[in-house]
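Two complexes follow with chain A in common, the first pairing it with chain B and the second with chain C.
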Partner chain A sequence: MNAFPLIDLKDASSFPSRRVEAWKYSDLRRHLREAPAPSPSATVPLVGGGPFEALGGEAMVFVNGRAVGETQMMVSGDKMVRLRLISRAQGTGHALTARLSVRAGAKLLLLESHEGHGSAYVAHNRLELDVARGAEVTRIVLTDEPADAMSITQAQVRVEAGGLYRQTILTTGAKLQRLETQVTHRARGADVRLDGVYVLSGERQADLTSVVDHVAADGVTSQLTKGVVRDTARGVFQGKIVVERGADGTDARMGHHALILGERAEIDAKPELEIYADDVQCAHGNTVGNLDEAALFYMQQRGIAADEARALLTQAFLIEVVDRIVHEGAREVVREWLTARL
Partner chain B sequence: MLSISNLHVSVGDKPILKGLTLDVPAGEVHAIMGPNGAGKSTLGYAVAGRPGYEATQGGVSWKGEDLLGLEPAERAAKGVFLSFQYPIEIPGVPALTFVRTALNAQKRARGEEEVTAPAFLKMVKAASTALKMDFDMLKRPLNVGFSGGEKKRMEILQMALLEPSLLILDETDSGLDIDALRIVAEGVNALRSPDRAMLVITHYQRLLDYIKPDRVHVLAGGRIVASGGPELALQLEAEGYDKYAMEAA
Partner chain C sequence: MAAVQKTIDAVAALEKYEHGFTSDIDTEYAPRGLNADIVRFISEKKGEPEWMLEWRLAAYERWLAMEEPTWASVKYTPVDYQSLFYYAAPKEKAGLKSLDEVDPEILAIYAKLGIPLKEQEVLAGVEGAARYAVDAVFDSVSVVTTFKAELAKVGIIFMPISEALREHPELVRQYLGSVVPVSDNYFAALNSAVFSDGSFVYIPPGVRCPMELSTYFRINASQTGQFERTLIIADKGSYCSYLEGCTAPMRDENQLHAAVVELVALDDAEIKYSTVQNWYPGDAEGKGGIYNFVTKRADCRGDRSKVSWTQVETGSAVTWKYPSCILKGEESSGEFYSIAITNGHQQADTGTKMIHLGKNSRSRIIAKAVSAGKSDSTYRGLVSVHPKATGVRNFTQCDSLLIGKDCGSHTVPYIEARNGSAQLEHEATTTRLSDDQLFYAQQRGLSQEEAVALLVNGFVRDVMQKLPMEFAVEAQKLVAISLEGSVG
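And now, the complex of A and B:
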């Protein structure tokens, strides 16, 4: 059922155009006609430990696609890993693949940061994540990339029986930025949460695309994505949930809600449910709107200036997603990260 | 002194206020009464600066300063407080955060020192106890899921904390039972002072049993058509607004 073409940065013919349905709103080929020259290995020493530094844990670091240490990790026990994907390039391209396998009953807090420096680079990140029986994985992603960069991040997540997978992606976008997640409920009783927040201004774009495949019974999927677009920015949300034959007892919910705060800003949303099983509960909701004028006036009447009132209402709108992050330390880092970008 | 002279306000293309003139000296409480559709709420919105309620003619000043050229938040910092007939729900913003943000924004605008979190909590605890409010309620998003009475108390609490000098109460009694009305009125009365002016907008005389006005004005057809002492309110209660509605037309 893989609806996504394989992308190889070295081969321009592998770049999907808008003719490929799943890439309709993120036409890579239009922006990238030729394969970019390979990025050099960055020689600049690493400064700081990324946005999650204060939380500690182990680091797994890639610079311009090259691993500083391991590219694979086997997780047992209770672990925190900072996965840092650093780009320091000008007009060149780089790709990486990271693999994490989380053993039965183990716990992983994966704190992923996309730290973009330089300009006009193209990054292709692939993540393979196996969540074994009864394991618990939380993946939190913060992306900070230059306005003229392009990046594609494709995560493939397989969840076994009783496994728990929670994901929250927060992004400010780039020239073309695709954050793709494919999750498979491989065995009975997996529990998946896929959340997202995008805050886009200028000419930035972000595309949060996910496909959740319920192959086994009694799986739960809960998705909540919220976004704000200003100026001429463009937010894309594509969420697809497939409930295969035999995946009875599936409970799947998907919500996408966005605010358009610029007259020329745009949202493209495509929620899809494909259900081939009986006895399932599925729902999706999608809204696009503006800030409440009455609330804005009320806040101003109490002395809060218009800009601050807008920022407060916007934050209040988005923070619901952040509040769903269970790990307190990570939640606070994310909250501050978001507040600083409103 | 609140001084409103020959104020004309249109909402959309429709003229609502048509030459309203009114003075409220500091230290006094004036009631504005009138039939539905007379422009009572519009008056409150125009003084507070709600977008879409701009003056097309005339002036509004408070303590000698023109208000019409100011943004709503600037007017608030000058002491203008409009208590809403239907206070707005703000999901995601806890009431405490909201009030502290507002208070400090006003203080910044006036060049005063901001209130620290512990000092603010102390102020809120005292004010909420006086209004018989459950402190835990203030940790919830502002007005979300509050009853009508709770929302009105929340408005009075904000008044007590923001200490405005010009209070406009728009139909504060609507949706309140007698007990809630008494508590809200006590809260308003506690704010009476020689340097504050209050404008109490109401359709019914009932509220004025609890908040005693110095003067009563009748607003009909976009103008003040009659003014008098507190006895005018009783007369209106007995006779209704028909006489003035005819006059205005």
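And now, the complex of A and C:
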């Protein structure tokens, strides 16, 4: 089972179009008819340490697809890594692959930032993450990309017995932005959480797609994604949970909730369940709507201006996802990041 | 207690597939295979006007250029379209004057199936049951339609579509293919080319149909495809309730049933369409059974129009069916209530589409799937909201129940919202039959099978309650029968 068609930025024929069901709402071929010219190696010195600088930790940096240091890392003990994917390009394309293996019993806080500068670039990021027996990994992703950029991020995560994987992605989108996560419960008793927030305005698009494959028994998956779209922006959520034969005792839950705050904004959602085992508990919920008029009225009546009331309600709606981040320092960085973008 | 007793009685009356008998009826066939001449043959048999033949031939051309869809999560041996008979009719003259002229053997079949073809007959065992009119379709032709005269008194047209093509060509021409275009999909194109019979209903403005209308489809001949076409038009302010039932003999081969149903609801009109689909599902090894590839769609053209689909899907080897509503009218509403039960090697890929185009249109989807044995069941649905459709409301609930280790259950809902004022909700759950509940029921003296039937009937109750009474009794029995042997 491979949900990722092999995309090669050098080969336009590998770009999926909307005819590929998993790419129905993110037609890469329509936006990118030809393979982009390769991005030059950026010579400009790095400025700052990214949004997670204050938290310290080790840095793993890629600029225009080229690693400044290592492209692979083996993690043992208790580690914090800032994975910075920096694009500084104009109309060109670049790709990278980063690999992290987290050893049995180790702990990793992976703070990933997609820092886009320049314009109209195409970035293809691939991340391979192995979570060994009893290991604990938290991945937090913040993306800031220009409105005319395109980026595809594909993460492949394998979780072994008793492993814990928590992920929170926050994005403001791009011209076409796909954030894909494929997680496999490879052995008994893995615990996975996949959360996401998208805040989109203008003509931006973001596509949060995930496939969680329960191959082994007693796995837990919990997903919560929330989003807000304004103007003519488009939010896409595709979540698929597969429970293979024999993966008994699986408990999988998925929620996607979105607010459409612009007359011409769009939400496309597809929460999928594919289940081949009977001793399971699986559920998904999906809602699309607007802010609660009664709550807005109540707040205005208490002297809060309409705009402010809207902003408060929107923030309250989204912050639930941020509150699920366990690491306190990271949670506060994310909270500030999100508040600044509402 | 009454409900429990009913379930126990139903379980007691279990039989495997009681409609699986074959009948030897003298049948006239079209030559085997499909080509333009077969299309001409069918059209000529039906004495159709020239434009109809052209319509069919155009559909056939389209079909040739199309490819069979493969996106549904069903696997089956491909249909060899050239080895089928596209027309099979009992050797008997069409246009019988009374029931007495119908071949007694055919009447016996319907009697065996429990379908009342005599107008004075009411449903046995149900006190005060409403009368209902029946159009009985046998293989490729309609053999009898009851209560036609009485319905005509209030202006209702209820007749086989082949007859309507001769008697009301202008009405048929106006609406045929206007909801499901010829090129809509592979099976719809095939149906448009070779459809033989089905029901035509027209309810004039302001008329509330005084009785339930129904069609009973029976496939009898072997190696035959059944292609029925139903067209129902509810004019302004009218109402009708329509029931559809189907059975087929048990055979080792897979038989194709590719139907098209079109509903049109004008201003303030309401159509309630109920199906109990009990085609032969194949044997325990998955051999034989009907391929049920059906396109059903309602066009809620008028403001405040309403269409409600209710289906109980227990039969067929493979089901591919998505009764949908195009909600064009302002404040129009669409409903979809479905129970899909699969057992043995059955596969069902079913669901609905609610296309919201009109302002303040509403829809509700309740889908219950029960999978047992080695079967697979998929709910596939779409709720879409057009940019200009303000104030849209949708509620969707999909629940799946798994019985046993070898079955599968899948949910694939699509939501596409292009308007900020839409409010859409979707929830889905998949669980297995609760051990605690089973234990409790058995501890109270029910056998395991009785307990399963009881719990499943409880699980599907929300939908069962939406069925007309005539069907509810049958459907409840079917639920028990379909799950027989699924536990232990």
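Observations on the structure shown:
Following the convention adopted for this analysis, the second predicted complex is superposed on the first by the 342 of 342 C-alpha atoms of A that agree within 3 Å, B and C clash if a C-alpha of one lies under 4 Å from a C-alpha of the other, contacts with A are read in each partner's own complex, and residues count from 1 in each chain.
The rule we apply is simple: contacts are C-beta pairs under 8 Å (C-beta built on N, C-alpha and C of every residue); 3 or more make two chains touch, one makes a residue touch a chain.
Owing to the predicted nature of the structure, the values given are computational and were not obtained by experimental measurement.
In the overlay built on the shared chain, the residue A:Glu263 is in contact with chain C alone; chain B does not reach it.
Looking at the shared chain after the overlay, A:Phe297 reaches chain B, while chain C stays out of its contact range. In the superposed model, A:Leu273 makes contact with chain C only, not with chain B.
More residues of chain A are touched by C (comparison of chain B with chain C). In the superposition on chain A, A:Ala120 makes contact with neither chain B nor chain C.
Of the two partner chains placed by the overlay, only chain C lies in contact with A:Cys282; chain B stays clear of it.
Once the two complexes are overlaid on the shared chain, A:Leu96 sits clear of chain B and of chain C alike. In the superposition on chain A, no residue of chain A contacts both chain B and chain C.
By the touch rule above, chain A contacts chain C in their complex via residues 21, 245, 258, 260-290. Chain C contributes residues 71, 387, 400, 402-432 to its touches with chain A in the complex. Contact residues on chain A toward chain B in their complex (touch as defined above): 292-295, 297-306, 308-309, 312-313, 315-317, 319-320. For chain B in complex with chain A, the residues that touch the partner chain are 48-51, 71-73, 75-77, 80-82, 84, 87-93, 98-99, 101-103, 105-106, 109, 141, 158, 162.
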